[in-house]
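Order of writing sets the labels: A, B and C. Residues in every chain begin at 1.
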C-alpha cells in the first residue's frame, strides 16, 4: 500500500513536469496544426544552457533562466519561420522538417558538449522532502511539479483572459473566422511559438535540476510530449495536464512494480490504444474535417 | 433485384431518411425526385456505402449489401456517379477506366476493347489520353463519370444529376447516349434528376421524396398529377 | 527518363564500382553500407510514394529482419540466403501489428509508427533470451560460398546487396506500372473516386506496408550477416530511419532511382567528408540537408535535375513524354 502510494505520488510529480514539457507542443499544434518534432530538443537545449552557466560561473542553475529563455525563444521562432516557408502539404512536410531540425539540435549539442552525462552540482536540489509523514520526494522534483502546474495554470489564464491569448484561441478554433474578425493569424501563431519557447526553457532548466542530461534525451522528450498532446486532444490545456499526470502515474507504477525500462513501453502502449480507439484524444472534440 | 426496406439515416439529430422503402426491378429505370435535401442523394450514399444507415435493410440480388464494404458492392454490380464528378487524379481518362475494370469487375480482368467501346459510347474516345482531372470540359467530365461507372460493368447504374448543368443540346445528346447505353448493356438504373421532362423521358417509374420520406411511388405521369407531389414541388410544408 | 537514369546507375554499380574499387576493401565496404541505406530508402519511398504514408518507424522492420535472420541461422542452422528471405517475412509479420494505424490520417500515422518502433526496440532489449539483450549477438554467420563464389568477402557482400536493391527496384517499377500502382497513385488526391469504382483502398495500403516491411527486413537481415554482430540499440537504431528518410527526400522519393542516388551521395559524403571534419555530431549535416530539402525542393534533387535536362529536349520529345 505504502509502495503504491509512493509510486503514485512520484508519478504525479513526474506528470507535472511532463505537462510542462508537453504544453508548448500542444499549444503550437493547436494554433498551427504543426507537430514540432524538435520540441524535446528545444527543452534539452535549455537544459544544456543551464549546465553551461552553472559549470562556467558556479551560480545556481535557476539563474540561467533568462539566457535559456532568450536562446530557446529565438530557436523556437526560427523553427516557426522555417515551418512557414513550407507551402505544399504542410501538415506532413512540417513533421519531416522539424524531425530534421531535431537531428540538427541533438547533433549540435553532441558536438559542443560531447556525449557525456551531466547533472547539477548544487546539492540543494537533491535534498529530500517528506510530505504527509510518508511520501518522499526530492526538492527539485517538487519544484518542477509546482513550476509545471503554475505554468499550465498561467497559460490557461492567459489564453482565456488576455487579448493575445484569445486571439490564439480563436485562430486555433477557426482560422478563417478569426481572419474575418480582423485578427492576423500569423501574429497569433508567432505568439504561440514564442510562448512555446518560454515553456520549453522552463522545462529545460527543470530537467537539468531534477535529472541527468545527455543528447539522446531530446528525442524521448519529444515522443513523450506528442504522446501527451495526442492523449489530450487538439490543444486542450486541462487535457494536457490530465494526460501528463496519467503518463506520469503509469510510469511511476511500472517502475515500482516492474522495472524502469518498461515504463516507456507502458506509456507508449496507452498512447497507441488511445490513438486507435479515440483518434481525437481523451478530451478532444471530434476533429472538424 | 434491389430491395430497400425501412431505411433511416440520422445526421447528428437531423433525420435525413425516415423509414424509406422502394424497389427496382430488372431492366427498370427508376427516377428519384423531390426538392433539395429531401434524401435522394443520401439514399445513393447508403446504397453505395459512403453513409451508414441507422436502421433498415438493403438487398441486391440476394446480397445483404449493408454488410458489404464499398468495393464489394461494386463487384456485386452496383455502379454510381456523383453529382460533382470525381475523376481519379493524376491518371488519364483511359487509366481511369483501366482501374475501374481491374477493381470493379469480379474477375479483375482488364479488356481494352471493352474500354474503347465504353469510351466510344460516351463520345470520349478522342480524349482517351487526356488527364482526367485537368483536361476535360464539363460535359466530358460528366461523360467520364458515367464511363467510369460503366467500366465496373454494373447491372444497376445509379446516376446522380448527370444531366444537370448541361445546356439543352448537349443535354439531349447525353440523354440519348444514356438510353443507348441502357439498351446496349441491358442495365437497370436509378436516376436523380430535377428536370421533370428528363424524368418523363427516361423513367419507367418514379419515387418522390420529401423531408426524408417517400411520399409517392408509381408511374411518372400519374405521380406528377398527385396533389401532394405538386405541393412538395412548389415548396409548401405538408400538413 | 527515370528508367534511363536507373539503368545507367545500375550499369555503373554492376560494372564500374567492382572494376575500380574491387580491390579496396574499405571503399567497397563503404559503398555496400550506402546500398544498405539505399535499400531501406527505396522501401521507405515505396510506402511514401505509392501508399501515401510517411513512416518514422522503418528501424523496427530493419531490426526485426536482422534478428529473425540471425537467430534462424545461429540457432536453427537455416542457410543464410534462405534466412534473408525469412527475415523479410518476419518484418512483414511484425508490420501486421501496425495495421490498426492505417486508419489514421497522415501525421497521426507517422507518429503512431514512431511509437511502434520505440515499442519494438524496448521489446528487443527486454527479450534477452531471443536477442541476447543489451549484450548483443556475436559471430553471426557470414554470407556463404555459393556456386564457387565467396560472398563473405567485402566485394561478395557488395554484389549481394546490389542484387537485393536491384530486385527491389524492379519490383517497385512493376508495382508502379500495374493497375495497383495506378489505383494507389489516384488514391493520393481522390480516394473516394477510386473507392467508388471498387478499389479496396485499405487493402492496397496494407499490401504496400507488407511489401515495404519485407524489403526493409531483408536488407536488415543482410546487414546482420554482413557485419556479423547485433545488439538492440544498433539493430533498432533511429539511424535506420533517419538516413533513409534523408536519402529518399534528398534524391526525390517520388522517383525510382532518387532514393538510391540520394543514399549513395549522403552516406559517402557523411563518411568521407563530414565524419573527418566533425568527429562527434556529424549527423548534424543530415538534419540540415533534410530541413533544407523540405523547404527548398520537397520533391528532391533528381526531379529538378531531370527537369533541367528534359526542358532542353522538350520540343521534339513532347509526343513521347506523354506515353512515358
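Definition applied: a residue touches a chain if its C-beta (ideal position, glycine included) is under 8 Å from a C-beta of that chain, and two chains touch if they have at least 3 such contacts.
What you see is a predicted model, and the numbers here were worked out from it, not measured in a lab.
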Topology of the chain contact graph, where touching chains are joined (line, ring, star, complete, other): line
Chain pair showing more contacts of the two, A-C and B-C: A-C
Gap in Å, rounded to a whole number, between the CA centres of chain B and chain A: 52
Approximate Å spacing (C-alpha centroids) for the pair chain A, chain C: 32
Mean-CA-position distance for chain C and chain B (Å): 44
Of all residues in chain C, those that touch chain B in their complex: 179, 182-183, 185-186, 188-190, 192-201, 322
For the chain C and chain A complex, residues of the former touching the latter: 54, 56, 100-101, 103-104, 106-108, 110-112, 114-116, 118-119, 122-123, 125-126, 238, 242, 245-246, 249, 278, 280-284, 286-291, 294-295, 298
Sites on chain A touched by chain C in the complex: 35, 82, 85-86, 88-89, 91-93, 95-97, 99-112, 114-115, 219, 223, 226-227, 230, 261-262, 264-265, 268-269, 271-272, 275-276, 279
Chain C contact footprint on chain B (complex, rising order): 48, 50, 69-71, 74-75, 79-80, 82, 86-91, 95-96, 98-100, 102-105, 110, 129, 133, 148-149, 151-152
